[in-house]
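Below is one structure, written out as structure tokens, with a few remarks after it.
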Amino acid sequence: MGIEELVESIGSHVLTTTLGKVVGWGRGNSVWPAQFGLACCAIEMIATATAGVDIARFGSEAMRASPRQSDLMIVSGRVSQKMAPILRTVYDQMPEPKWVISMGACASTGGVFNNYALLQGVDKIVPVDVYIPGCPPRPEDLLNALMILQERIKAQGILPRQ
Amino acid sequence: MSSRGPLFAENLVVERGISAGDAWVTVEPGNIRAALQSLKDDGYRLLVFLTCVDHLADASRKWPGRYELVYQVRDMESKDTIRVRAFVDGDPPRIDSVHDLFPPANWDERETYDLFGVVFSDHPELTRILMPDDWVGHPLRRDYPVGGEVVEFSEEHKIWQTAPEDA
Amino acid sequence: MSETEGVTITKTGAPGAFGGELLTVNFGPHHPSTHGVLRLIVDLDGEQIRRVKPVIGYLHTGIEKQMEALRWQQGVVVTDRHDYLSPPINNLAYALAVERLMGVDVPPRAQVLRVIMSELTRLSSHLVWMGTSGLELGAMSMLMYCFRERDTILDMNEEISGFRMHTSYIRPGGVYADATPRFLEMLEGFIYAMPGHIDEYENLLTMNPIWRSRTIGIGRLSPDDAKVLGATGPMLRGSGVDWDLRKAVPYSGYESYDFEVATSDDCDCYGRYLVRIKEMREAVKILRQALDKLPDGPVNVDDRKMLPPPREELETSMEAVIHHFKLFTEGYSVPPGDVYVAVESGRGENGCYVVSDGTHKPRRVKFRAASFVNLQALERMALNHMVADMIAIIGTADAVLGDVDR
Amino acid sequence: MNDLYNNQVGHWVIVVIAITALLLVVLTATAYTVWLERVALGRIQRRPGPNRVGPFGLMQLAADGVKLAFKESFIPADADKLLYLLAPTIAVGSAFLAWAVIPIGLWYNVQYWIADINIGVLLIFAVSSLNVYAIVVGGYSSNNKYSMLGGIRSAAQLISYEMALGLSLVPTFMIVGSLRLRDIAEYTVHWGWYNGAIPLIILTPLGFVIYLIAAVAETNRAPFDLPEAEQELIGGFLTEYSGLKFVMYYLAEYINMITVSALAALLFFGGWNLWIIPPVFAFLIKVILLLFLYIWLRGTFPRLRYDMLMRLGWKVLLPLAIANVVVTGVILVATQG
Amino acid sequence: MSTMTLGGSDLDASWFLILGAILFIIGATGVLVRRNPLVILICIELMLNAVNLTLIVFSRQLQNLEGQLFALMSMTVAAAEAVVGLAILVDIFHVREVEDIDELSEMKG
Amino acid sequence: MADEESTGKPEHPTPLRRPGERVPAKPEGKRPGVAADVAALAGGLKTTLSEFFRPVVTTEYPEEKTTRSERYRGRHYLRRYDNGLERCIGCELCAAACPVGCILVIAAENTDEHRISPGERYAKTYEINMLRCIFCGYCEDACPVQAIVLGPEYELSDTSREKFIYTKEKLLEPLPPDVEARLRAPSSPHPGPPPKGGRGQADPLPDVEREKTI
Amino acid sequence: MAIAIFLIAAVMAVAGAIGVVAFQQPIRSVLSLVVVMLALSILFLLLSAQFVFVVQIIVYAGAVMVLFLFVIALFGPARELAKTQLRFQSWLAGVFVFVLLVLIWTMLQGIQYRQPERADLGVFGTVQSIAVGLFTTYLYPFELTSILLLVAAIGAIYLSRKKIDEPEGGPVDGLRSATGTGGEPPPSFKT
């Protein structure tokens, strides 16, 4: 029985609802971030992983060094013009599905450094799912963003991202 | 300031003074190596930093040259510090490298080259250090715009607070 | 494959000592072992490092240019962000420089508060260093323990200044605001608890044979080399040179505190580790003394040209309103001149060279970054060591890339 | 030996059912070992660990599994595709194979095993030595220098510590006089008034210490986790693996961890014999405590450097293990004539 | 054809011997055909394995342990051979890339 | 530009090891004995085990939250007077003080029939780009009428850039009641810096969990 | 049952053996040989040679072949060039195979095996029986093998040793010339 027949027989709504829910639940509750610490926010990102608020409660403590095993890129800190192409390469190396959180004012817009050296917003080179304002945001803020992202992922289910 | 050592004996000093408690001397740019060598012989063995100041359109006084190179040296025994200045002009401005007298000057000179375009003669590896290799211009010169973007608001506006009016 | 992950390896064609060829390996700039966005080009002979070439600039933020675009008092928020592990110390260097140019002296209470914030910052900076270095060498619990105490310090930062990391607490002319009673109470408790925590870190690392064998004899830097290379801070003191700006060129009343300069004759990574541990203990000692001697009085200079008037005056005095408007629209101007002020941060000499042309914006602000100079010694320290030791060496050099690249 | 190959159909049915059950049990146990590690490591660091997905975070592993299963399966360009896919399979296969000979005491005098063969321990070594292929081939086929360096290092590490691991157990075999795991677990002594089972750790404590260290190294766990020392080599041989293939390696690592813990429980702690506690629980308690020991070590110690690791294996553990064998032999000869 | 009773089946020693012969021949062919010195070493190992199989078969057939003991010895020898052979190859590879075993007949490095 | 200067010179002049110099040997004589090593390892294990049996220090974030300091610089609010008039008088001092330039104020004249604020002018447009804001609190310091204050809220993450441009309507939302009450209290007129010089600003201490703070 | 096991193992072994010869990349040849060895080890188990079965896996598959793998991984995937194959070599090999096969076939026709020695199959091939054999009757050859191993180990170490008898400073200087970091250290360094 081919995959089309399978879909026919169990009905496409099952794929998009039941299976979609399960997959969305799995993906949402197991978001492994890639280490992409750049500056001040990176320290707060590390702090998020430590005992203070403990991102492990959300199942996201597995900060893999290799982008191949990551689902989420937390761009934490200022992205310089020199760093931008590298950031893009790392993003490209992550397998689908993948998400991006832009942490802090510098990553999102450049913040106070409205000048020649910084990329004014990481969303110019990678699609950003959640922005966190703050310079740097509190660790709780990152968790809040992660929860917003989890809702998004769960709603997205198995469908490809828009 | 103690006017000790051979620096003053050799008449390298053009001008000297104290600014906000810091002793400084000015030397001819051609003599910079000799001046720093004599200071080093005198015990000022630590080059604290080396940088450049761009005096373009600076009305506060009459400057001998557009680019002022600043060398801060310190004697770690007597805890004296002294600032050596040299004024250069031209495009690109040139001065002798002191990386072999003071090893930390190596990166400092590269940085000054990168950000100000000051060429240090005989520097072994005078390439950009902070900016990408293919960058055009020297960002810390006063005539280089700060850059950046207009802050987003919901409506168009012309006010842009952080843009410097006179660069 | 990936350039980013890693690593491109090319054969140089030159013979190495082990019969193979030398390999040029490129680590970074986004690589977990490089303590931030540092890129290293390493010539390897087998596992031995023959040459290291750090490539920096991946975090170049244009901070010095930004300072020129901002007014004197606005610049404080930018100084927070170059060495992002010790914002108040950066503030202090800048504030001292501006005050020297302006020719003002801050009141004694402000001085003591500045010392308290500096030492808290030194502690938190060392804690971050120890946590991340521990993690890099595989001691993952160290990260958790160190960041736990760091969180306490950040809570205190928040209590006194309203923000965790980038406090902008120390400003030209004084400090942002007086300490609250709750802050002093938290500080009291912290001073009481911290020595026990330091003991705990030492239990985990100091005598641990694995830690010792990974650090002792690794990354040696003789006292002469350290001086010639311009190293400062724990890098210099870890090589046995007794040099601390707090003792050598005292500022903010450091001369009136009783503390020892931590040095170690080991001249290696272990020595630098010991120096930092000792400095943490000394910092607690200074905090104790500062808290005991905290005098009453104002925390800002009484100069309406430099600092805004108290809020209650705005309602009564027209003159105060005018000062207020003038200060926030065009700021104050600083007399022409230049000054260099250096303070001792967790990483070494954190200097600020300020040139004023008499206007309300600085002509030039140069930050003398300790990490920038210390990083140059990496080449010397890493030579002939194994690749795996590079982590320990970079770790104990404690280069903050934001400070290096500015 | 011959009982394995008799042609009674009933035997084969039992074996097939047993294999299926064992697969399920080991898989579940692996999942919860991962959970145990994350929680215990968290507690060592004064944080709760996963606790938001399901009660006590018990569903965390299910979420991870679902996510990884639906992750894009990625094969690096220029990789040797056949070998790249083969390597994780070897890892999981060899890890599961070891469970063929590990007996589990279910109830008093009721043990369970798939193959109660005479050379049980040796078979475990044999199949675990195949793990090297998974690592080297995985590293080689990824076409990434990190992976390859990680793979080669790891293989050298496995081979080095296999020697110490094997030799550390020889005193046990000498004392018991059998390689059958059931015999070792049920080893009894008759010392004066005492008649009964005795954990062999009392007789060869040094053997246990060497076994423990070597086993940690064999399973690539901290502080010997150089093959995937993330701070040095990104993810070692795992760098290029993603999705299900990564899961397989991950699974293999934890199965191996349980295997060596179970083996230690059988060899040194009397297996399922523990006072009046029912055998199956006694066995579980011992295995869980040993697993905790692993996690505890990981939470405490820094990582060794590669050359130190080799030095420890060859210059410390191996001589010690040999000396242990010799001394045990001398004592045995002296006491038993 | 007397004694090989393996679980009651009529598998006899010839089956094993033929398998051993086939493996040996394939190995020998490899040595002749392949040019890469490493692969040639591997093929030699294959031949040794085939020989071991016959040793074990005869040991079982004759119910005499000597065959197994000899197989163990031959494994040891094979291991020693592999180690030394590889060490030599590595030494040569350090000097130059060898793609053809015939290159090694030249007496220069 | 620099190429012609860099020919014919050694590539890197910082002091390298002298030719032939090897890795220095590990210092002798400082090595503790095996017993000390084992004791140190055991000490480490004991430390981690003792931590294992102590309670966790984690804040279970979305369910429980730590209290923010009174000076905390979080989300901005525009305040009103009790009679409903806006405090902001459109003086643009906040925009001028902002180091980031993330505040946009466009003022308009008040008229008697259309009175928004007590002064002559009011802010027709008042926008803050929250994504660019660095929460330095300069706007609060600059405001002469305490119209803009930084409240204690920090969970501001959102999914698109446009949502971060906080318009006047959004900023004029009522402050959290406790903060508003504190601001109205005669003893503490301002959530920012208290009047200079006094040590004993008698603010009630929120009870802090000792274990966590220290 | 035994026939089924034999046939599976035999097919695996032959396929692996063909793989050894046929694969172009050495690493695949090595892995094919591992397959052969595992298949053979199953046959050993079938033939009551338990100990040899385990040794086959541990020593051969687990150690010797890993060594090959190491060398290949270290020196990269050197492929054979087709042109280096001699034209009539494969032809000759074919003849050789054919001749050998015919030879063995004829030899196996009507073969009579010697009468077995009637060992107890319950303990035949166990570790204990092997140990008794090795440490009593065959102690001398056993010790000789260990000497052989020692010699091989020493030889291997000698061949792959680090060349330490170099002039002082040689490698560093060699490196400098390679990477352009030549020359004396700067004068400032002579503190």
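For reference, chains read A, B, C, D, E, F and G in written order, and residue numbers begin at 1 within each chain.
The rule is simple: a residue touches a chain if its C-beta (ideal position, glycine included) is under 8 Å from a C-beta of that chain, and two chains touch if they have at least 3 such contacts.
The model shown is predicted, which means the values in this text are computed figures rather than measured ones.
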item: Both-way neighbours, i.e. chains that touch subunit B and touch subunit A; value: C, F
item: Chains most often in contact, by C-beta pairs; value: E-G
item: CA centroid of subunit A to CA centroid of subunit G, Å; value: 48
item: Averaged-CA centre spacing for the pair subunit F and subunit C, given as whole angstrom; value: 19
item: Distance between the centres, which are taken as Cα means, of subunit G and subunit F, whole angstrom; value: 65
item: Interchain centroid distance [CA atoms averaged], subunit D/subunit E, Å; value: 32
item: Subunit B: positions in contact with at least two other chains; value: 99-100, 102-103, 106, 131-132, 139, 144, 146-147, 151-152, 162
item: Subunit E residues counted as touching two or more neighbouring chains; value: 6-8
item: Set of subunit C residues in contact with two or more other chains; value: 2, 5, 19, 32, 51, 57, 60, 62, 65-66, 69-70, 77-78, 141, 144-145, 148, 166, 204-205, 208, 227-229, 376, 384, 405
item: Partner subunit D, residues of subunit F touching it in the complex; value: 41, 44-45, 47-49, 51-52, 54-58, 60
item: Partner subunit A, residues of subunit B touching it in the complex; value: 131-132, 135, 139, 144-149, 151-152, 162
item: Touching residues on subunit D, where the partner in the complex is subunit G; value: 1-2, 5, 7, 80, 82-83, 86, 117-119, 122-123, 125-127, 129-130, 132-133, 136-137, 139-140, 148, 151-152, 155-156, 159, 162, 179
item: In the complex, subunit D residues that touch subunit A; value: 38, 42, 45-53, 57, 59-60, 62-74, 230-231, 234-235, 238-243, 246
item: List of subunit A residues in touch with subunit F within their complex; value: 51-54, 57, 105, 108-112, 114, 121, 123, 129-135, 137-138, 140-141, 143-145, 147-148, 152
